[in-house]
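Below, subunit A partners subunit B and then partners subunit C, in two separate complexes.
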Partner chain A sequence: MDAIDYHALLPEIILAVTVLATLLVDLFTSRKSFAAITAMIGMFASFVAILTLAFCDNLTFCTSTGDRVLFGGSFVVDGYAIVLQGLFIFAGFIVVLMSVGYLETDRYYEGEFYFLIVSAVLGAAVMASSRDFISMIVALEIVSGSGFLLAGWRKGDARSNEASLKFFIIGVLALALLLFGVSLIYGLTGTQVFSEIAAASSSVEDIALFNLGAIFVLLGFGFKVSAVPFHFWTPDVYEGSPPPVTAWLSVGSKGAGFVGLLSVCYLALPSVTEIWGPVLWLVAALSMTIGNIVAIKQTNVIRLLGYSSIAQAGFMLAPFGAAAATGADLSQTFSATVTYLVIYAVMNLGAFAVVIIVGTRVGSYELERWSGLNTWAPGLALSLAAFFMSLAGIPPLAGWFAKFVMFSATIGVGSWWGYSIAIVAALNAVIALVYYLKVLKSAFFDTVPADLDVATLEAGTVPGPTSFAIGLTAAAVLVLGIFPGLAANLGDFSSDFLATLGL
Partner chain B sequence: MDWLDNGLALSLVVFLPVVGAGIVLAIPKAQEAAIKWTALIVSLVTLALAVVLAVQFDYSAADTYQFGTAIDTPWIEAINAHFHIGVDGISLPMVVLTTLITMLCIVYSFNHLPEPHNPKLLLAMTLLLGTGMAGTFVALDLVLFFVFFEIVLLPMYFMIGIWGDRGIRYVPIFGWKMEMRLYASLKFFVFTLFGSAFMLLSFLALYFRSGDTLGYNSFSMVELSNIGPAGAFTGTFAFLVFLGLFLGFAVKVPMWPVHTWLPDAHTAAPTIGSVILAAILLKLGTYGFIRIALPILPDEAINWAPFIGVLAVIGIIYGSLACLAQTDMKRLIAYSSVGHMGFVMLGIATLTDIGINAAIIGMVAHGLITGLLFFVVGSMSHRYHTRDMNRLGGAMVSLPRMGLILGFAAMASLGLPSLAGFWGEFMSLMASFDPLEAIGATGLFRGFMVVGAVGTVLTAAYMLYLLRSVIFGEPAEEWVSQEFHDVDTAEWLAWAPLIAGIIAIGIFPKIVFGATNDAVVSLVQKAFGA
Partner chain C sequence: MTVTISEFFKESANWAFLAIAVPTLFAGWRTVTSNNIVRAVLYLVVSLGGTAGLFFMLGAEFVGWTVVLVYIGAVIILFLIGIMITRAPLGQEADLSHAMNVKAPAALLSTVVFGVITWAMIDAFGNNMIPPFEPTATSDLSLLLFDRFVIPFEVVSFVLLAALIGGIAIARQDEEVVS
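This part shows the complex of A and B:
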């Protein structure tokens, strides 16, 4: 056996050490913020490790070239893995930043909270590198397991308990479906490794059963990415969980689900696009349409973001649907989904950061209580507008480019599989605008509810870490919106390896 | 000069306003004077730059893009989108108009701040609009065009929603009762985004199809309009692409029957919002037809021309009749825009150089005239606290100077010869007599000419109706004992350039044609070979 490439594993090793260090620090110190600081230092170090992997060619101490394949092809560090690992660590970092201020207002544990967040990040990071079903499922369960616990963090709150239980039951159901599908595929191909499945899939005898297995795997991940019709848990879980956890679930956990879909579809099953393409076409169309239409009626900002995240998942799935076209350029559709995911993560985290601040200060996430936000916190109102308009896809905020690449990839396949989903998406972009504008209307056009005291509201401060999180994401949303080439490069970097597979 | 040729000056015209908006937002709220002066200085410098460009413009080569950046200035390399800007004879008048109107709106805002005040946000939004509008007119790359085209939506949404009319409006069909500003702002945003979403799909379709001819995919308007007439886009594909473009631009113009956002938005918007909407935002749509739809898809333009012509004349007649039914003077002027833009679209639909020249001078004239009308009507309703024409009257007695300016603007709007409004209407009717032969519907267009001529009579009718109700006669009981202050300094400063422009272009239309004619002739020549 070859020597293990520890550089390739460095980000995960750092994260694993951080997981333990966070627990230990919490055990031996009385200041709860130390645990958060440990978590942040660990994630930052891990991010730096990822950068050294990404820019390996330009660094003198870095000798290895090309993709790094470890453990007999189960664990690979390539552009795809690097981009998504970086994304998950960034998301975890921002979530910790917004949790610091939030947890101080609560009377629940803190140290273990950060421990679980870093664990989830570790799981998600491993997932991005996993290239076989076993390691992917183990990683997925690290993400989900931490998620179940985090969702029920406010244990004195019945809704938080409900959220946790629902999330758990649905999560286990999804896992069961996934495992069933995997067992079928394994039984027919005799391998767990994606590349070997891809090679073996053409010579499978019972193709019907193989397709059934593929569909079960898709169903399993459908729950994870909260796509319609597997979305019912999402709004309840989002609303019941502590808001920073919701932010993580809507970005990190959902992102992990997308990694699963991307890996399975493009790496394990690239030869059966005619199976997963149409299925995901339908799922994408349903997610966009139902997510958006239901979102219009929401009065609670968190639930609104929940349905919005369902609709956004639909936009991210649209390129999968377009891939159903014969001769579709799979690296285009792949890259579009990754680019969308990156931009979505940044803007959604920013939106949550602002929503948490405003919600805590007003004491409610009901939209009507937020009326007149602009009069008592113009800065927050402006950043709220920026993030929500970015989600709606209005230039020059980053979201426009996410939509743009999605349209570009779907139109680019040059067949009605792509055109049709692009038209559905275009109509949905308009519907989505209606509810994103609802938030702006409350914040800017309406007057402050009479029973709220403007002076107290004005006097409130934004906790340092959270304002840093808002600043960071807002800057990213603007920079990525004006120079979207950066995001596009990430997407292309992530899909480079597909070319080597001959896709 | 270097800074002109390398695109720096033109970039400044586009981006100075947004920089100014950033500075305005950074000034503390209490320092109102500083906020206003910063905004004014920024907009003045922008206007001055635009005027320098207009002076330095090489009119003998008006059909080439000048002052621009190189075609391959990188922006988003992954999708081959470039920061390619430039002006030719068609866009130059629009750029000057944009910077002028933006500046005048800021001048007007010095002492006319709509409730709930907040000049900081209002002026920042005005400046942001300036960037979006100028950028749309100079963009030569479809992605860049799309981004600027969309940037204007948000500030205008805020303008209508925050400072708009708080009257209650009943919305039929849905059975809602909501404030005018809330309804209008939402409707404006949703309608426009609907159109532009499909426009974007068309852009992408062109991008991918261009690869078949060029060997690489391109968003460049210049390259696409080179390969377009050579038959790069044909058949159902071209039809669908034109449909997408049509949706995007027609909503913006707006053409009947997708015009319904306009009366609401114009009526609900605060004065400067209405001015900017009418004077410039509507032109983004017609400009899109001239700059993108016709040159890139000339064959489809020929197929669509009769249809566009029909919608245009329906717009003319419908807009005029709707005006006659209004009692709200602001809404009347809003509907008049539907009619006037109908003439512009009719000119474009003829696909001839006369028609397109008519469209451009019509756009400029409508910008100046309707801008002035909205200013005056806004100021009047500020004095009277009502826009109801049944209650008004006798402005010549109570507000003689303002009444006179309204009379002047109304005369210009109805197309009185020697004022700017005349040329657009007259020439677009003239062009309809002899449209592009390839359309093969000369008779139909002659019919349009007759209907359009009836439209001019109706235009005169509703403008005279406006004047009769508002400025003539004796002031009603409720106004007699009141003292009104007539036109104030800020108003004079904001209006005088418009009045001067209307007269100047009326007498010397060459101010506009001098720039546009060569560019239009070459456009028509290239696209339709006629």
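This part shows the complex of A and C:
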């Protein structure tokens, strides 16, 4: 066995140490915020480690160049892994920031909460580097397992219990489908390493059982990314969970599902796009349409964001559908999904941070209670507007560029697979405007409900960590929207490996 | 080539297969249909035992013993303990059945999925004879665990740690203020 490249594993090692350190700090200190600080320092250190890997060529102490392949190809650190790991750590960091203020509002276990968030980040980071089914699924289990537990963190609340149980049962079902599909693929190709499956896939693609296995795997991840028709758990779980957990589920957990889809489709099955392309075309079209249409009717902001995240998952799946076209440029569709995921993560986290603050202050997430937000908290109303308009895709906020790369990738394949999904997406982008603007209309133009005391509302303060989270994500949304090249670079950096496949 | 029924019954291994498979199937059926939760669990023991037996017949000793130790030995016992310490209707004929309008679509869906998978299996493998192979020695498996598969091996311990700590936090009874 070769010596282990510890530099390549450094982000994961730091995260693993952080997981344990968070527990120990919580055990031996009395102030609960120490656990949160430990978690944040650890995630920051891990992020720095990722930067050293990303810019390895320019650093003097860094000797290795190019992609790092460990453990016989089952663990790879390349552009794709680095971008997604960075994204997960960023998401975990923001979620901890917005949790600090929130958890103090009620009786919660705090140390264990941060412990589970960092564990989930560790799992998601390992997933991004995993290049075989076993590593990937085991890592996915940390993400899902901590999600089930965190969803039930409001122990006294029946809806939180329901969210936890529902999420658990659906998650286990999804895992069972996924594992069954993996076992069929393994049985037919004799390997569970993605690169070897890619080499063997063209010889078995005519066998119905192989198609069935691939579809089972897609279904399993379909549940994780909450795409229609596997979405029905999403609104209930999002509404019942503590809101910072919902923010993590809609970004981290969903992102982990997308990592699974990206890896399986583009790393394990890139030569058989005719198997997964049409399936995901249909799923993308359904997710966008149903997610958006149901979102219009929502009166609860968290549920609205839940359906919005279903629709956004549809936009991220659209490039997969376009890849069904023969001769499609896979690196372009791949890069579009990654770029969209990065931008979506930033704006959705920001939206949740604002929504949590307003919801806690008003004491309700019902939209009618939020009317007149502008009169008592103009700053919050403005940031709410920024994030929601970014989600709707209005320039100069980052969301427009996410939609732009998605359209250019789908139209760019030059076939009806791409044109048709682009038309569906265009119609949906218009429908989505309706409900995002509905929230803003209520916040800016309606009068404050009579029973709410404006003076008390005005006196409320935003906890420091949360305002930092809002500031960070708002800055990112603005910078990525005005200098979209930054996001595009991330997408291209992540899809470099596809050029080497020569497809 | 296809095997006729009389040829099938001439092979003594097929009798052993039937002796294991038929009770396994029956127990699986009763696990789902039984109205008594403790009986359902005990039927599950029989069903899993049969599955382990099938693995032994295939020469996959390690997998067979894993099923016996992990599922029958640990998971089922956990089920029973879980039933005992909660307020589940122990030993009574509880109303575990769903209404017919739930049962019928579920049964239809299961039948369709079963049909599709069976058809695809027969289509893919048909009467292929699996070439004789040397079963992997258990010692080789354990070597792989600390070399090629060390990442998932380490990650599993974090899955268990997260589940343990989170499970305690969720299940713990806390009337007093938590701080």
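Assume the second predicted complex is superposed on the first by the 501 of 503 C-alpha atoms of A that agree within 3 Å, B and C clash if a C-alpha of one lies under 4 Å from a C-alpha of the other, contacts with A are read in each partner's own complex, and residues count from 1 in each chain.
Definition applied: a residue touches a chain if its C-beta (ideal position, glycine included) is under 8 Å from a C-beta of that chain, and two chains touch if they have at least 3 such contacts.
None of the values given here were measured: they were computed from a predicted structure.
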Touching A:Leu433 in the superposition: subunit B (first), subunit C (second), both, neither? first
With the two structures laid over each other on chain A, which partner does A:Gly412 touch: subunit B (first), subunit C (second), both, or neither? first
Tell me the contact category for A:Ala422 with respect to subunit B and subunit C: first, second, both or neither. first
If we overlay the two complexes on their shared chain A, which of subunit B and subunit C does A:Ile41 touch? Say first, second, both or neither. neither
Using the touch definition from the top, say if A:Leu457 reaches subunit B (first), subunit C (second), both or neither. neither
Check the residue A:Leu209 against both partner chains and state whether it touches subunit B (first), subunit C (second), both, or neither. second
First (subunit B), second (subunit C), both or neither touched by A:Leu51: neither
Residues of subunit A that lie at the interface with subunit B and also at the interface with subunit C: none
Could you please specify the touching residues of subunit B with respect to subunit A in the complex? 25, 74-79, 121, 143, 146-148, 150-151, 153-154, 157-158, 161-162, 181-182, 185-186, 189-190, 193-194, 197-198, 200-201, 204-205, 207-208
In the complex, subunit A residues that touch subunit C: 1, 16, 19, 23, 32, 71-72, 74-75, 107-109, 112, 115-116, 119-120, 122-123, 126, 130, 134-135, 138-139, 141-142, 145-146, 149-150, 152-153, 155, 164, 188, 207-210, 212
Which residues of subunit C touch subunit A once you look at their complex with the stated criterion? 116-117, 119-121, 123-125, 147-152, 154-156, 158-159, 161-163, 165-167, 169-170, 174, 177-179
Subunit B-facing residues of subunit A, complex: 378, 382, 385, 389, 394-396, 400-401, 404-405, 407-408, 411-412, 414, 422-423, 426-427, 429-430, 433-434, 437, 440-441, 444-445, 483-485, 488-489, 491-492
